Each structure stands twice: as C-alpha cells, then as structure tokens.
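Pasting the structures here.
Two complexes are shown next, each including subunit A; its partner changes from subunit B in the first to subunit C in the second.
What follows is the complex of A and B.
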C-alpha cells in the first residue's frame, strides 16, 4: 500500500513538484484558517479572550443560538437586517447588471463608427477600484452637494425637495445603483464575446427561412447566450453577497454603521468582528454564510447544469 | 432589405449607444473634475467652472505706486492716479501671506514656503522652501499641514521674521533670520494648546509691551514676549467676548480685533476690552479692516465704513460709508460675495483703496466717490493642482502608493510563478488527486473572505508571539495572504492558456534532451507569456482593490491605498476635493495598466465564455 503510494508519487513527480508550493500555501493559508474558523464558531472568543486563540473557552452552540434564536440579541437583529439587505442587493444587482449588460452588448454588437472606442469607454467604470466607487458615489449621493440631487432637483425639477439618499430606505438604492454601474461593463464584455462567437451565417440562414429579428433573437441568440448568463449569475452571486468595499466606503467614511437599510452581510460581520472584537459569533456567522453560499452554488449548478455541460 | 428606411432607426440606435456611454462616464468625469476644484466651490454647489474667487489680500503704498497681492500669489504694481498696471509677477502660490518691509516683499505660502521678493522689480530673490521650514522641526513633522496655512501671517521684529503655519494639525510659529537663511522653531507654539493661529501682528515699538508678538488664536489672544524673559500671556477666549479672527494694531497699546460680524478694541495696557464698535444690525461678517492715519476701517460685503479712532466707544460718532465700484469680472456670479471687501488701504488723500475678490480694485476719494477701478491680471490657464499637492504633503499618500505598488507587484509575481506551475500541471498531466485539487481550487472562491481573515489575524499574532517573527503589518504577510487568495483563481485561468498551446512544443523540447522542468521554463513559459502577463495584471488590479484584508493586516508603515484613503476620509469628512483627488490618483495607475494590457485581459477573461 505504502509502496504503491510512493511509486505513484514518483511516477507523477513532475506535476506534484509543480503543485507542491501551491498546495502548501493553500493548506496553510486557506485550509487551516477555514478549519480554525469553523472551530472558532464554537468558542467564546471575545475581546478579552481573543489572544487565547484556539484555547478560548468552549461555548458549544451558544454562538449559533445567540445569532439564530435569541430574540433580544442585537447581533441577531443586525444580522437579519443584513441578510435582508444582502438578498435584495444581490438580486437587484445581478438582474440589473445582466439587463444593462445584455442591452449594451446588443447595442455594441452592431456595425457603427468608432465601435471599438465605444466599447473601451464602456469598460471604464469596471476598472475603477470598488473602494473608489464607494467614495465617489458617496459623494454623488450627498444631499446638498451631490451631483445626483443637483441634476434631479436643480436641473430637471423632478422632486420638490432634495431627497436624502444615504439615510433611510433609500440607502439600498444608493448601494445597488453604483454596483450595477461598476459591474455591467463586465457582463457586457462577456456577453459581447458570446455574441461574436455566433457565426453570421446562422442568422443569414434564419433570415432565408423567413424568421424575423425577434425570432432570430429568441431562437438563436438567446440559447447561445445562456451559458454566459449562467457564468455571470454565479459571478454576480459570489461577488455581491461578499460585497464589502462599496458599502464600507460610502457610509460613515469607512468607520461607521451604514444604517438599517444599507448594512450588508460583510460589513455587519466585519464590524462585529473587528470593531466589537467578537470573533466567536463572527466565525459562527461566517460558517453559516459559507454554508448558505454552498447551498446557493449547488442550486445554481442544478439549474444551469444542462447549459454548462453543453446539452 | 430596404436600407433607406432602416437608416434613421440605425442612426437612432447608434445615438442611443453613445448617449449610454456618455451617461455612464459622468461619475468618472465628475470625480476628476472635482479633484481639480476648490472645496468651497463644491460645498456651495457650484457645478460649472468659473473664475476662482481670488481675493486681493494685501495692499500697500509704495513710492512707485500701490502694490496689490492676491491669495494665489499674483503681485501687481498699480499707478497712483488711475490704477494703471505698471508691473506684474506671478508666484504661483496658494493661500499667500505678504509682508512689505523696506524694499523687500515677503510672501509665505503653503506650497513654496517663504519667498523673498524685490519690491521694485518684483523679481524673486530667494525661495526658502516648505521643506526647510519643516526641517526645523525635525523629521517627525516632515510635512506641512498646508490646508491651514491659509491663516499664515508674517510679522517682523528687528532682524527676525515670524511666520505662522500648521504642521500636521499642530499650529506653530517659526522665526526666520534672513541674514542666515535659517528657520528657528519657537518653543511653546508647536502645541495644540495655542490653537490655530489666525492672525499675527506686532504693535509699534514704543509701547509698554515692547517686543510683543500678538497672535489671534483659537484659544484667545496670545502675547509672546520677544526681548525679555517675561512669560507668555494668553487672554483666554472664554474671557474675551468672542474668539478673535483678525487683529491689527491701532497704535502702541490698542488692538483692533474682529470675530464674525463684531469688532472690538482691546487695550494691551489695561489688559481689557476697551470698546465695542457699533455696527448696524445685519451688517454682515467683517471681512477686512485697517487702522491708519487716525481712522479705523471695517469692510464687509456691502462696503467699507470708517470712523476716527478718537471716537472709539462713542456711539454717536460720525461714520462714513464707502461703497466700492468694482470692475465687472466675466464668469463670476453677481452674488453677494463678489462685492466683499477683502483688503483696505487708507490713502493720504482721505480716500481709500479697496480690494475685492476676483482681483478687483476700487479707489474712492474722501467723499466716497469712485475715482478709479482696476483688475489684477491673472494667469490665463489655471488648474487647481493644490489638492494633489495637499495629498502628498498632508496625508502620507506617497507612502500608501508605494506600499500598494510593493504589495500588488509582489502578489503578481508570486502568484504568477505559482499559478503557471500549477496551471501547467493541471493542463498537461493526469495524476491522482487532480480532480480533488481542481475542485478545491474552485471551492476556495466560495469561501467568504472574513472566514479566512478571523483565524489569519489570530494566527499571525500567535505566530509572532511564539517565534518573535512579526507577520502582521509586514509586506510579506500581506503578500502571502493575497497570493493564497489569488493563486487558485489564476491557476484556473492559466490552465486554459496552457491547454491551448500545441503539445508539439514540449515534445520537440523533450526530443532535444530537455527534462520536463527545463522544457517548462525554457519553452512553455515564453510561449504562454502573454496569457501569464494578462492574468498577472488582473491579479494586480484585484489586489489593488482589496480593502478588508489590508485593513486588518497592515499597520501605519504598510497601509495600502484603500486603507489610507479610508483613514483620511474619516478625518476629513467634508474635504470632497481632496477625496476626489485621492480617488483619481488611485484610479490612474490601474487605468493605465489596464489599457496597456486591454487586449490580452479581455481575450483571457472571455476565452471561457466563448468556448463554453
């Protein structure tokens, strides 16, 4: 048995040699932290016990009970706000990104002058770092000095009074719109590549067969874009559930609380862990989040399995 | 097909596309634009570019004519009769303070330090830079707090020049000795105790308080004895009627002070408020004043009022009003601030020369009748670079930029070395555990960052406690963490690149007698280099954008840009101009990098989308 293993290793020594540093790195800096994180969720690792590391007092399921079932816990109510916001945010951003991205991809897929320039200009916001997006839009949403209110109220007179964007229920929009703004160029890029991968003669054949534009889109473009959509939905799911920079930079300038309607899972978790210094519940929440994410990815896979395997 | 009938629709759609592009780019344009704006303009909701408010802060009489200095460092000599421009010079400075002493004009500014100017031909004789002032305070305070030098003022005593400024939030006064060109810190002033120095003067020599330097600070009026060992004296703001903002000496023992819309006279001999100057209710904020030739002058947004200084305290004293007629300045709105008086020069004729914002001048005779008006020239092209200078001087932005470059470059190199090896192994070899490895690489992408961060933080600290090797707060700690985060993703992308290379490449190399490892480094890496570089740039961009790990795992020596920006934004809540300048600076490097590599990155990222 042992000999067999050794022989197998020696036969495959080249790939193992190539992968060895990566595997070590992943074991030390990914696998070990994840396992410790799962374990930390069962410890009472708070401010005073933080440096006890893994020998902090055992808490059993207390952390989980606190965040899931204790009706008086501020952590729990904060978490549920964050879960609700994150769900709305993720759905809205993913749908918005795909909608705008598809429309833009179809617009740019036509022949017109300076098409390459238009495409490049569209990509601009996607290169702006997300923390800059938060900072920039935090400024744009300002009630008095922000450009959005200046345009909406002072120029277009759409509202009688300047709306407040960064406090109250509007905050959700204030974080959704910048995220769509930053992300749709990426969707457009991927979808455009998908569109350009469709051979022209397919459309010509369809036209000869008497199909109109809509039918051509419905029967040819749509099915061929589905796998790209699948990838983009997964990307949007992971990216937006774990969204942190935009929100943290937009509110309270990186130190404060984004409010009941603007708090996302990552900002809530981060605040709970690195400002309240409660690692135990933080780790428990991250474990739950990881579990939820895996479930979501599994559901995603079940839905799009056919598209991905090319059936 | 009917091309003619479809053309308008096609044009419409093209127009729509460009409209979308334009709207889409507005935030970025606005970011760059506001980074070049004055914060005052942003806060007042001014959107369109216009002439900057550039007030005349300094007016003096010279044998040749009147000398006018503007806050942005323009010096102009005007003729006495009709205010014709005789000579003009541009210093290109911010928030300039002036002092005329003999034939020398001194200009103190936040960007150029102290400049010595020949008052006759307006040429700069010497520049004593900001660095020199800062050096007087040692390396700990190596940067000037330039934003607040706006309150900088100059005073002279014997052969010493006094200059007030702020260093890293701490107000300071430094003495400058022109003969030796040295700056000497004045002990006791470089503390928060004194508060921001707003104005500074020195009463005439013959006073009982001879040799005092008088400063109006946030804390009150500060008297510093210069000649003797007498202790400093502080008239606390709480005991004064209000916090003084401007002050000037009326004569040897009386000071004229103002705060907001009130002015009062302070007696240095009796150490008390002598009298209030009555003003009509709603007269507005006092924006300038002067005391000269037995009269006191107050300027506000409506004009200048003057009364004899013998009538101080007499509410029935005759007050004369001088309403300036400033020349119209194109591009300025006619709001009340554009009629503000920013400096006053009483003339021997009994008249007055009034300076206003936008470099406007108005001369009135003793009866208040406008005699002449003038406009100080200014550079035709003006770009407000000040925010960018401030970014470097106020905030350690250079350090953050350096740290970000070191970390991102380190991650890029390390990740590319590891990922090209791993990607190649996955693409070309079949080995036990290949699928397991492939799946775990994908699975790492689903783990929330904070799940790793909590234990990593504790791991780093415990590791340092156990071994004495510091990891948290070092470049290498952050680089390794990032590499672990980005390598799996890069392996996944590079696998595709390697798989697309023809197998004949290695086969030829193996035939030539290379080992597989040699073949990889000699043949495969060069062939796959475009893909590797594109992936590396993508890793660089992602690392540049990372805030959460950097927030926790860096300290003040290794703060990267996002952490640095977050900190400074917390400290300057309302400095939108600085924030936008910082945002622009942190976007430009990645933009350049992206556009250099655009083709490769786009093709690399979309490769998967097309194939599947």
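What follows is the complex of A and C.
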C-alpha cells in the first residue's frame, strides 16, 4: 500500500507538489496541538506550574490513574452522571435532528409557492449563535413565565401542573430540544442537496412500474440518501459529544453546574480542568475522550463503509 | 528517485516543523517568565507615558464613568495618558491569567477579592509594600479587606482595596405595613422568620399575584456560595478551619445555617419556582412587586433611584415603597458576605511607580472613593469615606455604613478560587435541588450527605495543593498565629 502511494506520488509529482502546503499546514496546525494535548496529559500541569507550560513536572500515568482508579478523586465526582447524560443527549439529538431534518427536506423539496422564502426562513435557527440559543431557551423554559409552559399548560392543557424544566430530571430534555432546534436546518440542507441529486426519471420509472409514494421513498429515496445520513450521523455524534455552549449558558449564564441530570462531559471537563486549574488531568480526560471517539468513528465506518465507498 | 530517502526527508521536515512549534510555544512561555522579571527590573520610574488599566464593568457606563473618575488624576499628571479597557466579568479571569502568564498585561488591574491570593501565588503582582508604608492599608481600609490585600501565603501586600460589595435586605414598606410587620423585628433570625410567616399568612396580592415573603435564586446562578455564606457564618459555622487547611462545612454550626436557609424554601417562604432562576430574574421579580424582601448588592439602591431613561426604575411603585435593612443576626453573631475588588500592579508594568500613584489615587483618595461609590453603587473600601454626609445624612446609605463592620470575606488562601467555583457552586447548588425535591422527598440526611461530599472534595483539593506547596502550611500557621 505504501509503495503504491509512493508510486502514485512519483507519477503525479506536480499535483502533489501543489497539495504539499495544505498537507504541511494540516499536519502542523492539527498534529501539533494534538501531540501537545497528549503530552500535557502526562504532566503535573496545575495552577502553580502554569508559567512552566510544557516544562511542568512529569507525572507519568498519575493523571490517568486519578481519573480511572481513584474513587476519592474530586475529578471522579459526577463523571458517570456526565457520561450517561452525554450518551443520552448525543443519541437523542442526533436522531431528533435527522428526523426533523428529513421531514423538512422532503417538504421543501416539493414544488409550492414561496418555496425559496420558506427554505431561507427554515435556516433561521442555524444562524443563531449557540450561546444565544442557551440564553434564549433558558427564558423559554421558565416554569411560571416561560413561553413553553404557557403554551403546553395554559393554552393546550397538556399537563395539569406546570412542569419544572431547569432543575431535576427534565433538565436533559431542556438541553436536548434546543440543540435539535439549533441543528435541524443543517441536516435539512444536507439532505435537500442529497434529494436534489436523485434523478427525477428514477421516480418516474418507479411510478410507471406502479410504485406508490411510500414504496418510492422506501426503495429509492432511503437507499440513495444513506451516504448523506452517514455523514450527518458522524457529524452529529462528534458535534454533540463536544457540546458546551448551550448547556453552559442555559444554566445561570455560565455559572457552572447544570445539575446531575444536565451535566455533560464538556461542562464536567471544563469544571475539573479550567475551574480547578488542573490542566494535566484535563488533558488526560480529553485524551481518553478522544480515544473513545476514535473507537466510535471506527464503528461508524464499519457500519457505513459500503454506503461511503459506493459498494 | 530514492523513495525512502524522500519520505524520510518529508517526515523529518514535518517533525522538525511540529517540534519547532512546540519548542517555540514552550520557549515563549519560559521566555515570558524571564522577561517579566527583566521588565520589572528595567522599569522606568515616574515619567511621561501611557498607563494601561483593566477594569470590569462596575457601573452603567464603565468607560465614561472611569473617564470622569480619572479626570482629577489626569489634571494632576498632564503628561500621562491613562488608557482604560473594560473586560466583562465572564472573560476577565481568562484574560488576566493569560496576561499574567504571557507577561503582556496592563499596568493597573482590578481584581475580585477572591482572585488576589491566586494572582499573588502565581507571582504576577508587584509587591506594594512601599505603597502600604505610605497609605497604611491596615489602618485606613476596612478590616475585612486586609486579608486579600496581603494573602495569607504571601509576605507582601500585593493589592489595595478599591471598593466593597455588601448585600443589605431590600424590603417593601407597603407590604410590611399591610402585614403589620415592624421592620425592626427582623433584626434576628427568629424575628425575621416570624415576619416572613406573617407576610405569607397575610396573603398580600400584587396585580392578582401573591407577594412572596422572600426571593432568592437556586443553583443556576453565580451567587450560590455568596448567598449561603452569611447564614453559615452567622450560625457560628465556617467553610474552612481557622488555619485554612481543612474544610469544616459539615460542623453542627455550619449545618444549622445551611438548614435554616433551605428551610425558607421548605416552608414555602421562598417559592420553589425561584430555584430555577438567577439573581437577575429574582431581582426583576422584586421590581415587579412579587417579593416582600430580597437580599441584593447595594447597587440595587442606585438602580431603584435612577430615572428610567438612565436605565433605572425611579418612579415605579416599588421604587417609591422600599426600604433597606441590616440582614438579621444569627444565633451566634451577625456576619455578612463581603465581596468587592482590589487594585494591583502587574509585575510586567513598565511604569510601576506611576501605576502605584494611580492606585493610590483611586483607592486612598477619599473624594475618588466617594465619587466611584456614587457612580457605581458599590461602597468605598476606605474607612474615612464613610464619615462623609453622603453616608451619614442618607437613611438608606447609613444602613450600608453600619453593615460594613459586619462584613466578612472568604479565606484569603490561594486555593479558594477552585473550591468556590468548582466544588461549592456544585455541591451547595445541589442543596437547592434537594430542598425543591426535584429528585425525591427532602430529608436532612440528604443535605448532610451532600455537605459531607463537599467536605471530602474540598479536603482532597487542599491536599493536592499542599502536595506541591508544602511550605505554605508553615506560612498559614504563621499567619494564624499573627492574627491571634
């Protein structure tokens, strides 16, 4: 394989020459910070060693031992709540975003008046900065004066008592729903591009063969959109595991702790690394998370390999 | 072409580039450390030039207000340009620490009281002992501000108190009158509790909504620890042991204060719905007439007296029917949370003597202190400023003046910052969830378990700190002996 690559480089020297600056740039700008982060995980980089930066004392595997095996470590406190919440949040947001995005893409792919305006308006949530989404929904979820309870209870009478969203077990829904609201336009945009790439004559041929709308969706749209879904699932998994802004801003404008039902890995990491001034352990936690994410991406690739390679 | 050779060259070049970058970063950090000392050593004494000042938004128009505060200083030093940058509180900490590490910071900087020990420990601040010899921090400034000026693990004065933040009780005079509650009866915990019960029983309405006896926010707020502190201290409890090396939050006295505060939620005196709000939202409830009492910084007084076109609420029903009271005394004593800010000079300052003169003007000049108190609504840190009719002739401000003697700051130890923001914010925040019964029925055992967990986390954090700073135990002992 390596020899094959070298042969290809030898045959296409000019294109590779032009690609070289990009490759060097990517390696330096991406590989260097990753290496630095990994290295930091082996250092005792706490507040008293801030000025030493990468010359902080060598800690070996101490930071990893502290996270994985020391039950009394403050770092461990609430970590499993954060892992559980992040897993539920990531799955729910990714599925929710895909479902809403697919429905919206199918809708705006049809011919109707003001279609262009509708498509533009639907992108609105996507252009709202994530920290603004957190602040905005923090007001909407207020139990007594928040618009959501007014709609659900006062107007629609769906609940007998106004639910509390910003404390307690409902907290997770209070962060899942705004994230889906913020992200579905992106899924819609990608899926719309996918839908427009499917030739109309395929549907016409299916119609001639007697296929109904559902069969056309099931046999044509669904399989042909699979590569787009694969990319969106990957994007959703990565983006949502690293979600931070919405949750940190919704609960006290960055005050810190969203509670055991709302704490995510990134807010936990922020608290234990930046607020505790323990960058070595923070880097070790980030490295472990990176390892978990690489495993997840590997599983994703195994599942969607055929769709991505067109086999 | 020799493929392996070419590959080796490319890989070596890439590795070299990456290593250079890493080494460069490392070098710049190390260089900054060295340069800071050099800059301080090669500093230019008094002379013309520019002073860079970093402050936080302490008043409605921070830049303009600072300009007017600094006018007399500029008039006295026409050859000096003072450039003020206003940092927002959210990003200030990151910018300050970055400046401290890089050595590229301002000359004069505003520091929150709890930040002073950390920045001192980091070695970012210039010792101000010579300035202290001139202005006598211990004699001239309020006693509770000394600790942050000379942190317990430092042998130098590294900052000078600028202004203080205390939280009086704002109350509705009309609601108290309707409920037939004498404001003076709220001077003790028992009296205050009885007054709140009486207001609740009176069932007073405001625009059809019940007026709650008290309002305070839950865990979604920056003030969680500040809100608990006076109740813990007034019951005779504390966060840390006198030496500062152990957490004592689960002592019977501290637990008494914690349970008393939570009981106000349990008894329905503070509605459970407030548990999901932050201070700004509860403050808005007070403005809208939904609360009978509310503890808030003295800046609330300025807000209630300022006309609406300047962002205040003068002329509103609440603004015409409010008073201020000293927060109640606990079973052991009256001890009130005191925050605020200090002024410090960065070691990297190129004009340290000029910077010290500016600090001296802003902190030790009585007129400057009064001028800034009037602009910002915070209180002066300089004792002599309280003798002014500005405080003695105004009924509400005279309450503030009386309050400052009961003010208390958090322990001035370098590890307090992470204890407060990372551990107590979370653990004490969880207590509000327990009181609101969001995870199941309330019990004192649940509260105790959460406080015990906080103690375990804090002790772990203190141990971690002393592992790398064993010498600081001795400094803490010395400082305790000196205090005693």
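One rule holds for everything that comes next: the second predicted complex is superposed on the first by the 280 of 311 C-alpha atoms of A that agree within 3 Å, B and C clash if a C-alpha of one lies under 4 Å from a C-alpha of the other, contacts with A are read in each partner's own complex, and residues count from 1 in each chain.
One rule holds for everything that comes next: contacts are C-beta pairs under 8 Å (C-beta built on N, C-alpha and C of every residue); 3 or more make two chains touch, one makes a residue touch a chain.
None of these values were measured; they are calculated from a predicted model.
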- Message: Clash or fit: subunit B against subunit C, after overlaying the two structures on subunit A?
- Response: clash
- Task: In the overlay, answer first, second, both or neither for which of subunit B and subunit C A:144 touches.
- Result: both
- Scan A:96 for contacts with subunit B and subunit C and give back first, second, both or neither. neither
- With the two complexes superposed on chain A, say which partner A:276 touches: subunit B (first), subunit C (second), both, or neither. second
- Query: Taking the superposition as given, does A:36 touch the first partner, subunit B, the second, subunit C, both, or neither?
  - Reply: both
- Message: Quick check on the superposed pair: does A:167 touch subunit B, subunit C, both, or neither? Answer first, second, both or neither.
- Response: second
- Message: Output check: A:136 vs subunit B and subunit C. Expected answer is one of first, second, both, neither. What do you get?
- Response: first
- Who does A:108 touch here: subunit B (first), subunit C (second), both, or neither? first
- subunit B versus subunit C as contact partner of A:242, first or second or both or neither: first
- Return first, second, both or neither, reflecting whether A:19 touches subunit B, subunit C, both chains, or no partner chain. first
- Query: Which one of 7-15, 43-51, 61-69 or 187-195 is the stretch of subunit C that crashes into subunit B?
  - Reply: 61-69
- Query: Intersection of subunit A residues contacting subunit B with those contacting subunit C?
  - Reply: 28, 32, 36, 50-51, 53-54, 142, 144, 253-255
- Task: Within their complex, state which residues of subunit A touch subunit C.
- Result: 3, 6, 10, 24, 27-28, 31-32, 35-36, 39, 44, 46-55, 72-74, 77-78, 138, 141-144, 164-169, 251-260, 271-272, 275-278
- Item | Sites on subunit B touched by subunit A in the complex | 10, 13-14, 16-18, 20-21, 24-28, 30-31, 34, 42-43, 45, 47, 418-419, 421-422, 424-426, 428-429, 431-432, 434, 437, 440, 444-456, 458-459, 461-462, 465, 480-481, 483-484, 487-488, 491, 516-517, 520, 541, 544-545, 547-548, 551-552, 562, 565-567, 569-570, 573, 576, 579-580, 582-583, 586-587, 590-591, 594-595, 598, 602, 605-606, 608-610, 612
- Message: For a test of understanding, state which residues of subunit C touch subunit A in their complex under the given definition.
- Response: 1, 3, 7, 13-14, 17-18, 21-22, 25-26, 29-30, 32-33, 90, 97, 100-101, 118, 121-123, 218-222, 224, 272-273, 275-278, 281, 414, 417-418, 421-423, 425-426, 429-430, 432-433, 436, 438-439, 453, 456-457, 460-461, 464, 468-469
- Query: Which subunit A residues qualify as touching subunit B in the complex?
  - Reply: 8, 12, 14-19, 21-23, 25-26, 28-30, 32-34, 36-37, 40, 45, 50-51, 53-54, 104, 107-108, 110, 112-113, 118, 120-125, 127-132, 135-137, 139-140, 142, 144-145, 147, 150, 154, 181, 189-194, 196-197, 227-228, 231, 238, 241-242, 244-245, 248-249, 253-255, 266, 269-270, 273-274, 279, 282-283, 286-287, 289-290, 293-294, 297, 308, 310
